[in-house]
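Here the chain labels run A, B, C, D and E in written order, and each chain numbers its own residues starting at 1.
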Amino acid sequence: MSIRLENISKTFGQFQALSPLSLNIDEGEMIGLLGPSGSGKTTLLRIIAGLEGADSGRIQFGERDVTNLHVRDRHVGFVFQNYALFRHMTVADNVAFGLEVMDAKQRPNKAEIQQRVKHLLEMVQLGHLANRYPSQLSGGQKQRIALARALATKPDVLLLDEPFGALDAKVRKELRRWLRSLHDEIGFTSVFVTHDQEEALELSDRVVVMSNGHIEQVDEPAQLYAQPNSRFVFDFLGNVNVFDGKLEQSRLNNEQAWISAPSSDVPLNNGQLYIRSHELALHTDATAVANLPLRVVAVNPIGPEVRVELEPHEWQSEQIWEADLSHADYARNPVKRGEIVFAEPKNAYFFREGSQQAPEQVSWDSASQPVKAK
Amino acid sequence: MSTTLSAASAKPRHKRVLPGFGLSLGSSLFFISLILLLPMTGLVMQTANMGWSEYWYVITDERVVASYKVTIWAAVIASVFNGLFGLLLAWVLVRYEFPGKRILDALVDLPFALPTAVAGITLATLYAENGWYGQLLAELGIKVAYTPLGIVVAMSFTSIPFVVRTVQPVLEELAPEEEEAGITLGASDWSVFRRIILPSLWPALVTGVALSFTRSLGEFGAVIFVAGNMPYISEITSLMIFVRLQEFDFPAASAIASVVLIASLLLLFAINIWQARYLKRLHGR
Amino acid sequence: ADQTILNTSYDIARELFASYNPVFQKHWEEKTGQTVEIKQSHAGSSKQARSILQGLPADVVTFNQVTDVQILADRGKLVAEDWKQKLPNNSSPYYSTTAFLVRKGNPKNIHDWGDLAKEDVGLVFPNPKTSGNGRYTYLAALGYAQDQFGQDNTDAQEGFLKTFLANVSVFDTGGRGATTTFVERGIGDVLITFESEVNNIRQQYGVDDYEVVVPKTSILAEFPVAVVERNSKKNGTLDVSTEYLSYLYSEESQRLLASFNYRVHNDVVKAEVADRFPEVKLLTVEEIAGGWPQAMQNIFANGKQLDQLQRR
Amino acid sequence: MASGQRHQQRVGDRPAVKYTLIGLTLVLTAVLLVVPLISIFQQAFVDGLAVYWDSLGDPDTLHAIGLTMFVALLTVPINLVFGVLLAWSVTRFEFPGRKLLMTLMDIPFAVSPVVAGLLYLLLYGNNGWIGAWLFEHDLQLMFAWPGIVMVTVFVTCPFVARELIPLMQQQGREDEEAAVILGASGWQLFRRVTLPNIKWALLYGVILTNARAVGEFGAVSVVSGNIRGETNTLPLHIQLLYEDYQATAAFASASLLAVIALITLIFKAFIEWRQERAHKAESTH
Amino acid sequence: MSIRLENISKTFGQFQALSPLSLNIDEGEMIGLLGPSGSGKTTLLRIIAGLEGADSGRIQFGERDVTNLHVRDRHVGFVFQNYALFRHMTVADNVAFGLEVMDAKQRPNKAEIQQRVKHLLEMVQLGHLANRYPSQLSGGQKQRIALARALATKPDVLLLDEPFGALDAKVRKELRRWLRSLHDEIGFTSVFVTHDQEEALELSDRVVVMSNGHIEQVDEPAQLYAQPNSRFVFDFLGNVNVFDGKLEQSRLNNEQAWISAPSSDVPLNNGQLYIRSHELALHTDATAVANLPLRVVAVNPIGPEVRVELEPHEWQSEQIWEADLSHADYARNPVKRGEIVFAEPKNAYFFREGSQQAPEQVSWDSASQPVKAK
């Protein structure tokens, strides 16, 4: 079932939680709503479900206008952030609830319900817990039961509010994968909320980045990463180093530091270069590309990478810089705390001063382009 | 774009998510109107029959004013005592395990169940100078029965459950972390209680004390048996209402009752609002 | 039963009417061949009057307060305007007076009203504001003062009454409360209440522990009865109601009443029980205060004599 | 070297403090609640067991007990339904006047019971504007059981709602929202999701309502008419017996009320305890 | 102040939350307690603070035995997971609390306290919020106030329970860095609980990995990553692919698949090879090193990497395999969903069948060794 939102807005009292926004979701798509706390993700999800009424706008499910339809009749599955399992019912009763409250006409008979619940519990691999109470389950188990309960009535649309928020990294990954395969198998349309970028990027067909009640960008994960269309999206999707430069002699200067004009054919100007931390190389001397002296503040080997924290030396930056090196790269030039090193960008995004437009992608050597296809 | 605009600008009619708004609010309002507000019209109509000056005269009668003083003082003392004792009871019931705890818990509601007159007679028996307590107190030179102190005793007896039952659930819900935070910062038990726990209990405690206070203002049955009812000394306002009733002076009775009622409602309303503010500061919503 | 009537009565008359009702039932059946059921309601008589005004379907009232019957006539036209004339003795089949109960041996040496205004005598009687019993007590004291100091010497009268009131230890709201206070709590030296009560109390709490003192002058306390005509007409019980009250004057009934320590008018019975009821000079409310309406207005009303005397 | 000692970490867990507080509570409770209770029984049994049973077996007493039960039986369900509806509307929806509604709900706590009775009398009595109409149509509400039920409902109506509101506020709406999304209708939602969550508070509210309904004296006495064997409730009957120098019988009946109250309260404690234990057993295996 | 735990154990009812464990923490160290939910991290932290009593064992702070010392007198700073700010006090009052409840003798005077609070608030960069109430702060702000409050009394030991658990990724990173610099500046000894491996690795001097009330391993981050001493630690520190092989003809076989003996000089046996996902290369054909046919299940570009999910083809593995490729590597061989590819390990860890010992590190070509120094 496709979903179509048109000019949806919502205020709480004085506070504009959602500015008018529109969004189309295709049938069978899995959409991730990503954004910082308070950006309106939950509000949007609840409006789609019908748990909250929009102040203006229209919602369509497929061809049907559901704007004024009651939650009950929208036939969506909803998984709450903290599960909202019925505490006084066993796991099996929780899952059966949606079936048992159906109209007498539609309701499957007892045996069918039992059969269906059994099947659902097996699907979420928790058949053996049918008679437990929610308080006796771990977080991951609760989450799966909440999913099974939401799926019991075979909704066309599944909505999930931070479905993996409270879980361990490991459990989280497992469940994430499981949800994806379930989605691909059954083929419902789903929308989930998260504030974990990795989760959004890994799980969704398209990601909706929100901030302050606006949609900042809607794109496929690779696209989003390759072409963030605003500083906000950029900032939000992982660590980034910002070089604030003035154009002088076809170089971007910041006090003693400078970066030369990139090889790509982009007319330069005053503005900011955004450089991702794994697109920085560290050298012992300035190169032709850049003269960015930095003092090493910390060197942290984090799993497959070495993260080097850097402090601008004789030039200004609002934040600490960070370079993520492979162990191999690091071994070639094992910098130490306190040393001065010179960074060289491979790729960057250029935000023109005074312009609100999407940044231009620039590069200095033949660094490979990120993949774009899924 | 512009074609959908007209449709989109119409404000959607959102149905309430949870069912029963009309039913529950409607029947609550109906019930409140029928059971609580409608009878109030009787009071209003009785007092409306009097002129303003007559109303004023009735409610400011010297003896009535004296009774306000006695009643308010006794109610203040009784409810403050109940605040302390109720807090202690709630604390002990929530924080400690000991044999007989459940019976103690059950006993708290006893004053609700006893007819107030029985309570009054029983208290008078105990506190009279020849009673179990009266004898002991007499040796200390304290007279309770047939003095204003007796009023205090009767009032606190009948209203103790209010404090316990409002404080108890809040105390149960109190998360241990704040307390532990206080202790790790080096605070003594007493500082933690006074500066961290007590402020969290304030809203409930104040509500409980206020309920206890208003209940005490209206208490009649239990009080008259131990009060002594001496003019200007131990006559309570409820007795003055009763006297007016004996004289078949319904308007005057209604007038005095309306004073108590308005005072109580104002107090409760003020406390509801204060509590909402306080809680808002605590919870931010 | 063929008919049912509701007798609304004052609070301590429970046993009295519990004894009278079978007597009357038998009488009524003999007289008319019909059975009658009698329901009883007991509470303070002012409260009862209030209830009747508001719709308590009483057929007859048997009160201890003339005013409480009068108000039924005045306010609600429930009782005939001339109810006092409907039956003998102001429609009061029995009467009593105010007497004293003192502790064993009469340690404070109480014999008459004058002794009650002595220093360190503690008095217990119900609050005149809330209780008819208390009003009788006050009026009796006033009658004594008028008798003692002369009708016009109001200063002396009020001086006496002021000390009298100041000697009160506890004002209970009703007669029973005062009794409890005096007997069970051991408060005060003198309990002032109806003579009928005083004897009841002695029977209840021990003949030996208390002594009854009947002062030389006291007040005539009438126990008025009346048919609530509006109700009984509506209920179709006017006849039986009327008879229920008239029969109280029969010799049999009067004997019964006397056994409850009430004074009665029937000469035969009077002679039989003369030794139990000492001679007293009985002043009427009319003599003391000009009648109940005047008493209520000039003495007991808000801010009048009683209030003035009690003011500190 | 190994020391199995437990640390005191919560405020007031030090044994000295703990036992002082428990001790103080027990003493105070004993003095303020238990001894009065014992004194009632003492006075009830003063003439021996036989007299006690006799006085309870008196037909008027039996009728009073029956009437009291009957009134409670009607009052409790009425207030149960009303309390649930009111709590539902106040905790599950936002609407203007919510605070006022919650204050209005407290009116019965602010009104002296005698005044409450008077209010009903002024309205439904023959001289009231509704009463006059009732009189014309020969409907007897006051001085009959309907009036008693009405004022009892008035006096006890806040208890259920007051128990439910804080709990339902704290539980939030999420469970119910989940149920609605799954397609539950209003009644299914209430019976299968809400009710199981609030049943303990509800039970407690019912027990308090019952205790208070059984023991109410002031308001009932005004509207009852005190007709023996007809409109005398147990508390009124106690009063009557007492006035009539039948102290023993009066206290026997009073002790009966206390016993009824204690039994219901202990019953509540018992099922709570069983539930708790069942729950513990569940969550540990 | 150094901390010394000896044979600390703790049971709750029947449940052994901590088996006897010992741990030494040096003065000025920053220790991260890492482990899955329920592994006893919080319990251990609370025992160190004195909020919980141990059933057995001894705790020393420096030279002092504090086993039987009351929390109050241990003089530690404790930051609670959900901050536990005093809701009814302003920010300034919260911070001042520890000072105000000091003994009259030690307590600074009013002006001094004010001065100190002001300084602390500036240190956490929230001087302007002194008069707000906690409910008016964002999560990150609350966290910083909680830290300031804990530091007000100048404790020698700072204990933190999941200090950044509830925060956005971005805020989290900022605070983490800030805490580290504060630690380095003031020099207290600190212990913090986390279940985020990245956090533990980045922030701590040494990481204590816990499971089921045991300490599994205590090591510096790089060491821990390079030489996990158990399957548990391995599993917990990031994704890993497991090849369960039988030794035949000096190859490890699993049905149709095999991996040849590694170049390093380790006698092989039946056992399991643990291969990290970024140490897998994907080829279109089997190589001399390995014949590991896998079907591509999903290709997710996640930031700087492309994550390829793989399903064993004609051999068995309990879990889905995962390969993390750089965009460059991926561009060289852009595999598609459904294709069969051949994986080749570069480095791996070998768990000998039936042995409880630490795994042996093995490799096949001259792949660079991970750095070991900080």
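Definition applied: a contact is a pair of C-beta atoms (placed from the backbone, for glycine too) under 8 Å apart; a residue touches a chain by one contact, two chains touch by 3 or more.
If you're wondering where the values come from, they're calculated on a predicted model, not measured in any experiment.
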| item | value |
| --- | --- |
| Joint neighbours of chain C and chain A, given as chain labels | B, D |
| Chains most often in contact, by C-beta pairs | B-D |
| Centre-to-centre distance between chain E and chain C (centres being mean Cα positions), rounded to whole Å | 92 |
| Whole-Å gap between the CA centroids of chain B and chain E | 54 |
| Cα-centroid distance, chain C relative to chain D, in whole angstrom | 39 |
| Junction residues of chain C, two or more chains touched | 47, 50, 53 |
| Sites on chain B at which at least two other chains make contact | 17, 121, 125, 180, 182-183, 242, 245 |
| Chain E residues counted as touching two or more neighbouring chains | 51, 71 |
| Contact footprint of chain B on chain A as seen in their complex | 6-7, 50-58, 67-68, 70-71 |
| Chain C to chain D touching residues, read off their complex | 6, 11-12, 14-15, 39-43, 47-48, 50-51, 53-57, 76, 174, 176, 200-201, 204 |
| Complex interface listing, chain A residues touching chain E | 36-37, 138-139, 168-170, 173, 177, 180, 195-198, 201-202, 221-222, 225, 235-239, 276, 278-279, 298-304, 306-307, 309, 320, 324, 327-328, 330-331, 334, 367-371, 373-374 |
| Residues on chain B engaged by chain E in the complex (per definition of touch) | 175, 177-178, 180-188, 191, 195-196, 199-200, 202, 278, 281-285 |
| Touching residues on chain C, where the partner in the complex is chain B | 44, 46-47, 49-50, 53, 71, 75, 127, 129-130, 168-173, 177, 180-181, 184-187, 296, 300-303, 307, 310-312 |
